[in-house]
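There are two complexes below, and they share subunit A, which is joined by subunit B in the first and by subunit C in the second.
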Partner chain A sequence: MTGGGVRIGVYVCHCGGNISDTVDVKRVVEEVGKEPGVVTAVDFPFMCSEAGQKLVEDDVRSGRVNAVVVAACSPRLHEATFRAAISRAGGNPYMYYHVDIREECSWAHEGDREGATEKAIRHVRMAVAYLRRAEPLSKIKAASERSVLVIGGGLAGLRAALDLAEAGVRVYLVERSPFLGGNAARLGALKVFPYGRPAIDIVRSLIGKLVGRREVTIFTNAEVEAVSGYIGNFDVRIKVWPRYFKGKCAGDLARVCPKRARDEFYFGVAERTAILLPPFEGAYPDIPAIDINLCDRCGLCAKACPSVDLSQEPQTVSVRVGAIIAATGFRPYAPRNGECGRGLPGVITLHELVGALNKFGGIRVDGRAPESAVFIYCVGSRQRRAGGEGANEYCSRYCCIAALDAALHLRELLPGVRIYHVARDIRSYGVNELLYEAAGRLGDVFVKYSEEAPPRVERQGDKLVVRVRDVLTESVELEIPADLVVLVTGMEPSDGTAAIAERLKLQRGPDGFLQEVHPKLKPVETALGGIFIAGTAQAPRGVAETLASASAAAARAASLVLRGYVELEPFVAYVDASKCNACEACISECPYGAIEIVRAGSREVASVNEALCKGCGACIPACPNSAIQLRGLTSAQIEDMIRSALGHGRSA
Partner chain B sequence: MRVDHRLADELRELGARNISQCYSCGVCTAICPLSEEGREIPRRMVRYAVLGLRDRLERSLEPWLCYYCGECTKSCPRGADPGALMMAVRRYLITRYDFTGISRVLYRSPLAEALLAAALFLAVVLGVYFLHGPVNLERVDMESFLPAGVVDAADIAVAATLASLLLANAYRMYRLTRRGPRLPLTAYITELVKTVPPHFFTQLRMLKCRGSVRDWVMHALTAYGYGIVFVLVVLFLRAIHAGVYPAAHPLRLAGYVASALLLAGAGYAIYGRARRSSVARQYSHPTDWLFLILLLLTTLTGVALHVFKYLNMPLEAYVCYAVHLGLAAPLLILEVPFAKWSHIAYRPLAIYFARLNELRARRLQPSP
Partner chain C sequence: MTRAPQILVFTTSTISDPGVASAGLMRLKYPPQTAIIRVPCSSMIRPEWIVLAIESGFDGVFVAADGTDCPYLRDCTERTARGVEAAQKILASRGVEPERVRMAAVCSVCGEAFVRIINDFFNALSRLGPVRL
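Let's look at the complex of A and B:
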């Protein structure tokens, strides 16, 4: 349908007076009504209203019009509205051009009625020029795999994998460390507010439900090595590192090993050997693994247990999935030496406190139970970037609550303990306010410091002293004696999160966390179609929010893959085979690897994989023969539009 | 400034039971009708209390400038009860001003308080029992039973002791709360005249509290009731002992008025505290009860004494007199310098001292 076949209807909106107070809409209608191809041009107070949409629908339905221009607000607001109206009336939604004469004309040129009107006329003429060469388009359909790759076996990954499996989706769960559970498992016996259930219970129950399901394949000690393909059809290569164990072993095998390292499961407060035993009851898998970076292959363990097999090699597994969920989690902020007393005996991080409570069932400083504890908040959060230094400007969101929770836990263990919370603010939002209230009721003291005067921690004899100016008390410098100082550390993106962003080319925000497309409109989607984010890989958050975001990501992934096909916007490149001589210039320009050379009869030509193409247009200027064009925005259309904008396009 | 966690515990025992619930929103200070710039109450005092900044708290006159209307407590979103904290701080300050340490014992231990009161009661009753003069059972003859000269002498001795104790404590209060340079002598005198007598005789500052008119009236009645009794005892004891007067005699009338005022005042306070009728009466410290009960009993025995005298029941009158004096002794000796009654000095003096501090601060400011 080209040339004379296009019957264009132009509808100019007043937007109350938002447009018509500045733009002379009657003149716009009058001028563009003269354009060739325009069969009707009208103005209306509110085009987006039901009556306004009906104008378009009626004209399309009657066949009077088969291409539509609405000149109104920004296309971000209502382009979709009118495309839908055209579809409802049986027209092609891509025979449409949305002209912005509000933000770009009436608002931008308030007080210049003449100029704004002239600009509006030119914009509408450009749209008309565009539509004169427009063709009906339809969405591209591509088959989709009914399977999802979940990267990360922490709380978010487990929840997402389980949701998907329960929806009947095939799931591949890949965990980098030798055991499932992630950071949440390391919270161990600590109850997670609200509802007082130990964190490990939540993790354990997810693992229990997940393991053994037909739809689920779990890879631990494994990494996603490479991902190619596109939404609905990703090819994934997974590297599975050897555990060096064929099965379980009797006895305390870990003791045999002479090597020592900090035990990450307890946030480094305890030691481990190179033999990593399942860290908790109900861990998966229940066979040990060897930390081969620490191991020097002395062979002592192999002598003690026949299940040890140091000859195992890494394996590579390839799977094809329709969608990917990145649930690669966080790592606790590690304070610099000297930051708030870091390095002094008795100064630990919140995570280390958690580790100690889990490992030893309590906390002792110099062999004694602490009589007083000071929690210093916002360590590694809400920092100010100074002189190009890296800084975590964000609020880590979970830490106020976690610190209050830990403080209450500490008080349960040590009823007489005196607890001071040295905080910038207490952000115990929502139901967590109850924690703050409980802490106050039990006599915890809250001190507020300002960003300019962070607390200082010093050693005085056998005691620590926290010096801080209390904003709430005339900024007087307080001297708080303490046996234990807990640095309430925030979250940073984990190494796995950084690595997966690199490998999948996912966007990261200024803070390094994976970035969603839009916090409200597409909260779990990445800019790459078919790849979703769950949990703390996206932003710092607590257990409940992590679980919710994981379920959200799982639901989005499931709704994508369960349909069996994906629909893509039709604005992609296409090759005119008759003009192409397979010079490959376009291939090297394409950032998405969407173009390849194929045989077409006797000759070779370039061909675009429509599912991979994002319609960026990089290939088009590269082609010496103008053989490659963008569907829905051809060079001819663009040229016409430019001519028309300059006032030369009337005779097309 | 070193924090001291024990202070909050001490104040909790003195009545500030919920203060750790405070999250420093400042609503209490915004709503307080007596809070003024530079003397913000009660939030600042709450912070001193919670953090245990004893020095800061002891240097503060603000607790005495609060008259416990309870607006802060009513508007506190956390139920931290800042009004009770201010009251507890006043109790705490009384113990800090007192150099003898007796005050601390009274406030810390209700048992010690009761024992001391009982001991004083017994000492006086036994003293009367062993030392009284001839007992005339024909008619009531106070003068021979216990000559006014003896009672007056005892009165003067007790009054002198109590006054010097109270003044010594008041001087400690002055030393603790003084801020800034010396002022010219005239300033001390003029400000003293301008602040202390007006408040001493009217307690008008109390009326700045919202809805406090009835409390102020009752407080004034009690104060004036006591004032009349004080004048009668100090100036007219001999006449009262010696004579029998017609009902309309000024001495009898004065006695009736004073008794009525004291009974009404003490009764009102006791009834309110028992019923917890207002914010200020939610929590009563043992010292509050002892004060009110002794005041009521002393008044009642005074009334009974009068009745026995005019019904000519000598033995009853003598016994009643002994008991009356026995009750008055702990009421005055314990409460005036060491406990609740000391506010008779601290309240007006705080206004005076605060004014002096204000003048000092002004002198410290650079001249324009």
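Let's look at the complex of A and C:
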């Protein structure tokens, strides 16, 4: 479209007074109405309202206007709104410029009506200059792979993979550890509230449904090594570490291995050897793996079982997928030594209690069943980070409920046990309140402490003593003798979550969890198109919430890849072949490898792969001839914006 | 009465422009003699544009870069700095003070930092007086 054909409509929003109390909108309309190319300029109380959008739509539909400026709030809020309005009216949504005269004008210059009005006029003038050179653009259509990579074989990854497979999507599931199941499997026989189903049953049933489906390929003992490409077309390199086992073994193979380490599956309360056996009935795969970092290749196991093969090498597998779901999970907060008695005999974390209940079917301290147990809540959680202490500021949301659940479980095993809950607050939201009620009814005692006076745990003779100031009894210091102290700890992002954020360049929030674009509008989307997040990699949450978020991520990923194509914004670089002399300066500037030299008739010129180009513009300054340009923001547009900003130049 | 300095500000759509907007959100004050152009990444800025801004009546140009937050490039700060330095050289060769071009990182919530920087720049440009081309 040439300058002569552009018919610009300018719509200035009052934002109810947010703008018009400071900016003289009538003067803005009057001034910019004189600009060449502007055919109409109006102001309106709320441009984002239906009536406001209709102003734009009517003018576009009638053909009076074919390019639109809306001067209103931030483009992050309503640029998409007005592009959509133009599209609805049959116009081109890229013949549009969104001017922020609220956040970047009226709100910043309150009390300076003249200054703010001048600035608003200047910004609209620049937008008009931009549009005089604008051309209609359309989204770039690129074919999409009908497959999804799911990273993490815990509860969220299993659920997401199964949902995708059931929707007919090809799934590659990658789990770092030798077996599927994640943290949820480690909860084992503990019943997960509500509906009292053991955690391991949920995991087992998901694995059972997933394994053997023809849409699903599972890699365990494997890591995502590199990801390149873009939404709809990611190239993924997966490193599969050897298990050193060709198949199953008869007999108790672990017994022949002389090496010992803490067994992570039971949160370290038990020992294991270097031979990692399938940790539960129904585990996948059902063949063992060797912890090669612990193994010294003594060969005893190889003598005992012909399936052992210490010569296996790592393998690299490459797959192409249209979308990625990161479900890399959490790790429990590890209290530092001395924190609430950590290090004293009889002081364990909630996860260690869970590990012991699963491994030994009960808990014993000094060989005896505890007669009294104190659960201390919020250990490492909800703490203001003063003086660089390593604890976390956030509430982990699940721990109150998990602790109540574990306490009820403990009471089932040891009916006479005295249980104290030393808590800042009990956050048993929703249906979980039933657990809180049940614990109270069964005689559990609740003591409330404040952040300023955390409980102290000491050893007195053969007993532990918890000293705590009870907020509800005028902060009287209580001394609670205890055989067992359970530190109720929260969730932190797992090492895998940190690693995948680094590898995929995903944004992490201030607490280190993977960050969604918007908690309500795009709750499972990341800032990188085609990459979704699920489960506790995103935030601390319980089993039910993890499953729900996994299904949400799977639904978003499926709706993306099943369409078979993706639509990308048209803001990519392009080369004016007539100006290009194939000097290759732009090629070395491009961080995405999106530019290549191609033959155009008798000569060679640079050419941009539109699907690879991210539209950053890094190539623009490299070109000596200004042959490479960004669609939707050309040098000519920027130069015209600069020239027009001050109206009549220096003399103004 | 002397005319207040006019500043052209380059922001980036996803990082520093939200940062500048956050200043308004907090009702922090800075001079309205500012004009803002959004670009996807500050590494896109051609030195000629900065020179053109001075020729077109601006007294200074501020590039609000992304620091390490850029969604596109790890090294966009270095790349942008090269462009800024090139512009400063061209201006200096024409007798214009290179300190009329400034660059700093403004993160997506760094409204306070932006206001501090732009006010300081405004004062510095006021002291410099009008551009003599």
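Please note the rule applied: the second predicted complex is superposed on the first by the 555 of 652 C-alpha atoms of A that agree within 3 Å, B and C clash if a C-alpha of one lies under 4 Å from a C-alpha of the other, contacts with A are read in each partner's own complex, and residues count from 1 in each chain.
Basically, a contact is a pair of C-beta atoms (placed from the backbone, for glycine too) under 8 Å apart; a residue touches a chain by one contact, two chains touch by 3 or more.
Bear in mind the structure is a predicted one, so any value in this text is a computation, not a measurement.
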Touching partner for A:Arg76 - first (subunit B), second (subunit C), both, neither: second
First, second, both or neither for A:Glu479, with subunit B first and subunit C second: first
Subunit B versus subunit C, judged by how many residues of subunit A each one touches: C
Which superposed partner A:Glu118 touches (first subunit B, second subunit C, both, neither): second
Touching partner for A:Gly16 - first (subunit B), second (subunit C), both, neither: neither
First (subunit B), second (subunit C), both or neither touched by A:Ala527: second
Which of subunit B and subunit C A:Glu110 touches, first, second, both or neither: second
Complex contact set, residues of subunit A against subunit C: 74-76, 100, 102-110, 112, 115-116, 118-119, 122-123, 126, 527, 571, 589, 591, 614-618, 620-621, 630, 633, 635, 638-639, 641-643, 645-646, 649-650, 652
Subunit C residues touching subunit A - in the complex, by the definition given at the top: 6, 8, 13-14, 17-18, 20-25, 27-41, 43-47, 49, 52-53, 56-58, 71-74, 76, 79, 83, 131
Complex contacts: residues of subunit B adjacent to subunit A: 1-3, 5, 8, 18, 20-24, 44, 47-48, 50-51, 53, 56, 78
Interfacial residue positions of subunit A with respect to subunit B in the complex: 372, 418, 420, 426, 436-437, 440-448, 470, 472-474, 476-481
